[in-house]
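You will see two complexes here that share chain A, one where it goes with chain B and one where it goes with chain C.
Our next item is the complex of A and B:
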């Protein structure tokens, strides 16, 4: 029952994200646009490129969707509303989302096209930049909660949300999450202006619909992870817990989607060097500070 | 009905999908969004959503001039779109390589909106049809040719074995179109900079004293005469035996060691080291697969009509070729033209800056006829020219923003450009604050400086014009010689950094400065021709177009334009591309090309 409820809310969430993204892109708030787009994509042909790697090409969109949905399994929308409260929950989100890289690489390799392939390579480089900045801030979050259970992590923020307790970690995680979801300004693999869509360029019809759905779900998953780790999860006054989760997730999603359109796309070389030169030392500093705080005020 | 319908009968569920499609029209623009904006078309407000890849589009919108070469490229784009697809043509066009247009309308915003409404109807009625016809044109056909993996210069149409080494030839696909392009169009190439061993014509060097012969499989077998290998019997290959090959070896240390190992083992099969040893190496010495990829002629982040053929080593540009598929050929349609027709002709040469070219034609004719225009008219013309400069720079900003994914800037600059295109003098004053606000906002945008600094740097001794030159500190602005312009307070805006950031800065500063000039000019009037008598003379004129100084020379006979010669800045700027993007990362390279603000339309053959 919980699973069904969460999956339904996930689909509804994907719809809302699509509406927000359409609003961010066109400046118009149209509730019907994503429905029309999805139906139209289903009605179009889904052609196979010539000389494709069939397995990679077919599996990639499904894998992207699956890895995002898998990560949702450990996301609690309220104390009881969680598919499975794994003892390694925080780590599991990270583990499931590693397949995003695999999916994009496969989507890049599969169609045997230059734009897609370069997009895939770019994301491989991007992983090297963001991967540590997902795990290291998570370490500090887990240190405070003294547990990897996502529910415990939410409970640990009852007094003070982690966004205040460890703001450096929040900023790093938020940026890394945007890079993981290849949202602008980190949309290097799917860049329209210099790769004509990159890894998305050769997909059409149903396969493109699955790919785009996967991307929307991935955005929700990462927004939900941000809410659990830093924004106190379901906690909040007056409203029921699930409503707080939903509101917070949507707000984070909107910030993620709207922020990128005010910036030019980042250079891959800069992303890598900044993440390693500034990001990782800051993440270490964050772990150290949280360690001191945990020891001094247990 | 639409010719690109999808196979199937229109039943319940399909009817629903077809009506959804009619509300979700994704458009691929030919020749490009820059041309659409320059012609005053606001694509998005008409309900069409532009997309970057033809695979994601269901509408192909052709607007504006389409040369024969562009027509072929358009046919390829149409073939890449998935069904149901439709062809929407604005303005009368000769499009013989494409199926009949599904919707035609006049080239204006009104026509666009009206066309989109018809397109929606057509889609909901006939997206699915019980029978469909194939779209097949000769240029899409793919030819198979056969080549030897060891000797890439051996290419033949039929299977067989290599005359050099006897190996079986490998089939490979070639598009007939690529060949066609190479034959017909101006080509700018810097292959010569990179030593490509396999392009040497060995036949010419047969009796050269410096030639020696070696077996491709056994490099230790070397002799001074042709013959066959004592180990494997293969034909020996000629190679040059001078210091040049030593030079190569410094770059290929790994390959050398590999070769040595192989010699001792005396293996009888082909190794990767052998296969790749003659291939060109990238500067970093890291061998990666080289891929050839076309960028253009309708690439989302590049000016429409410009085709870059890049050979990419990983994601760095190893070689590049530039083609303009939108070239105009004859300025004067034979045998001669009436002056008013000539002015109209020149107005259409470059759709990205029609007024500057119109002014160029008027000034050249007036110079030939010895007509003096009043200072007031001259000022009003400067007003129109400068208004176009603002619109053109805003258009460039929109394209730059599209390429860099800077969505907000793209929308803002594009909407301001559309307003400036036709703005009267009073409206320009009203628009001024929003333009200045845009510029101020841009200067505060994080990441923008770091994204553009030190990219696209040019050599010091280049020939360049316009903002590209002024970003390098070179002041060859034609307005310096225009007394009226100087009297209005004109001074050239300069930068010295000579990179994309400097070009961006120069254009932004020019917009600010130009707004001041228009206010000083106090009027905006598009130039019109004065009557030229039945004279025989020659004349010339210079105009600082938004892209740099254009120069026109013409001769008149009996009041008819006989010959005309145009010297446009983009012709020179095309030559800057290859050295500028060599070994640059792809994104940087495309941004550098974009920063030149090329107009392929003004490049004449």
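Our next item is the complex of A and C:
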């Protein structure tokens, strides 16, 4: 029952993400736009490239969707509303989301097209930039909670949310999460301007619909992860816990989608050097500071 | 046969099968990703054996490592797409012999070693993580640090080999 409820809210969440993204892109708030574009995609022919790697081409969109959905399994929307409370929850989210890279690489290599391939390899470079900035801030979060159970991590923020307790970690994680979801300004693998859609370029019809759905679910998953790791999860006054989760997840999603649009697309080399020269030392500093705080004010 | 035994066997067979696929394909990226799914199946075997942390870690680490290996293979191989039916194998007799000897040695170690008394129940997943942490910071620390430094050195060496040397008149 919990699983069904969470999956339904995930679909609804993906729909809302699509509405917000459309709003951010066109400036018009249209509740029906995602429905029409989904119908249009499903109605169109799904063209196959001429010399493709069939296995990769078919598997990639499904794998993208699957990895985002798997990560949701350990996200608690309220103390009881969680599919499985794994003892390695914080690590599991990571493990599931690493397969986003595998999916994009497959989507890049599969169709045997130049733009797609450049997009796929670009995302590998992007992973080298953001991966450490996901894992290291998470280490600090886990250190404070003294547990990798996602429910324990939320409970550990009862007195003070992690966004206040470890603001450096939050900023790094937020940026890295946006890079993982290849949202602007980190939309290097799917950039419209210089790669004509990149890994999306050769997809059409139902396969593109699955790919886009996977991306929407990925965005909502990362927003949910940000909420449980840094924004106190379901905690909040007056409203029921699930409502707080929903509100916070939507706000984070909106900030991710609207904020990135204001910035120019980052260059791959800049992303890599900034992440390694500034990001990783800051993440280490964050771990050190949280370690001191945990020891001094247990 | 319990469900646990079934799944251990299933993922074991999957791991071996994907291992075979690595050498049956001409495409370097397919080869690397087949190795990835072989390692993922190993991670799933860990999970079936109730070793949660190691299983999740294996599934996570291998995805990054094998995709990075894919780009190294594309960089270094003369025909990464496998379109020219390049033969990946060489020194066949030697590798066959080495393969058989190492297989027999591994099986012999598994069969003949004294593994000590079997634990009747696995500790719960959170306890396993604690135990593993203490082990890694205790007697296994030297081994893991050595392995880490070795891997880092070989990564730097591989990148150094991949970079084209700067020609004298290119310096401007």
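We take it that the second predicted complex is superposed on the first by the 298 of 298 C-alpha atoms of A that agree within 3 Å, B and C clash if a C-alpha of one lies under 4 Å from a C-alpha of the other, contacts with A are read in each partner's own complex, and residues count from 1 in each chain.
Following the convention adopted for this analysis, a residue touches a chain if its C-beta (ideal position, glycine included) is under 8 Å from a C-beta of that chain, and two chains touch if they have at least 3 such contacts.
On a predicted model such as this, the values are computed, not experimentally measured, just so you know.
In the superposition on chain A, A:131 makes contact with chain C only, while chain B stays out of contact range.
Look at A:121: by the touch rule set out above, it reaches both chain B and chain C. Of the two partner chains, chain C is the only one that A:91 touches; chain B does not reach it.
If you count the residues of chain A touched by chain B and by chain C, you find the higher number for B. Touched by chain B in one complex and by chain C in the other are residues 121 of chain A.
For chain A in complex with chain B, the residues that touch the partner chain are 24-27, 32-33, 35-37, 39-40, 42-47, 114-115, 117-118, 121-122, 184-185, 187-188, 191-197, 200-205, 208, 260-270.
The part of chain C that touches chain A in the complex is made up of residues 27, 29-30, 33, 36, 52-53, 56-57, 59-60, 63-64, 67-68, 70-71, 81, 124-126, 128-129.
Taken in their complex, chain B has these residues touching chain A: 6, 14, 16-18, 20-21, 23-24, 44, 49, 51-53, 55-56, 58, 82-84, 127-128, 291-293, 299-301, 312, 314-315, 401-409, 411, 445-448, 450-452, 585-588, 590-591. Touching chain C in their complex are the following residues of chain A: 53, 55-56, 86-88, 91-92, 94-95, 98-99, 101-102, 105-106, 109, 112, 121, 124, 127-128, 131, 147-149.
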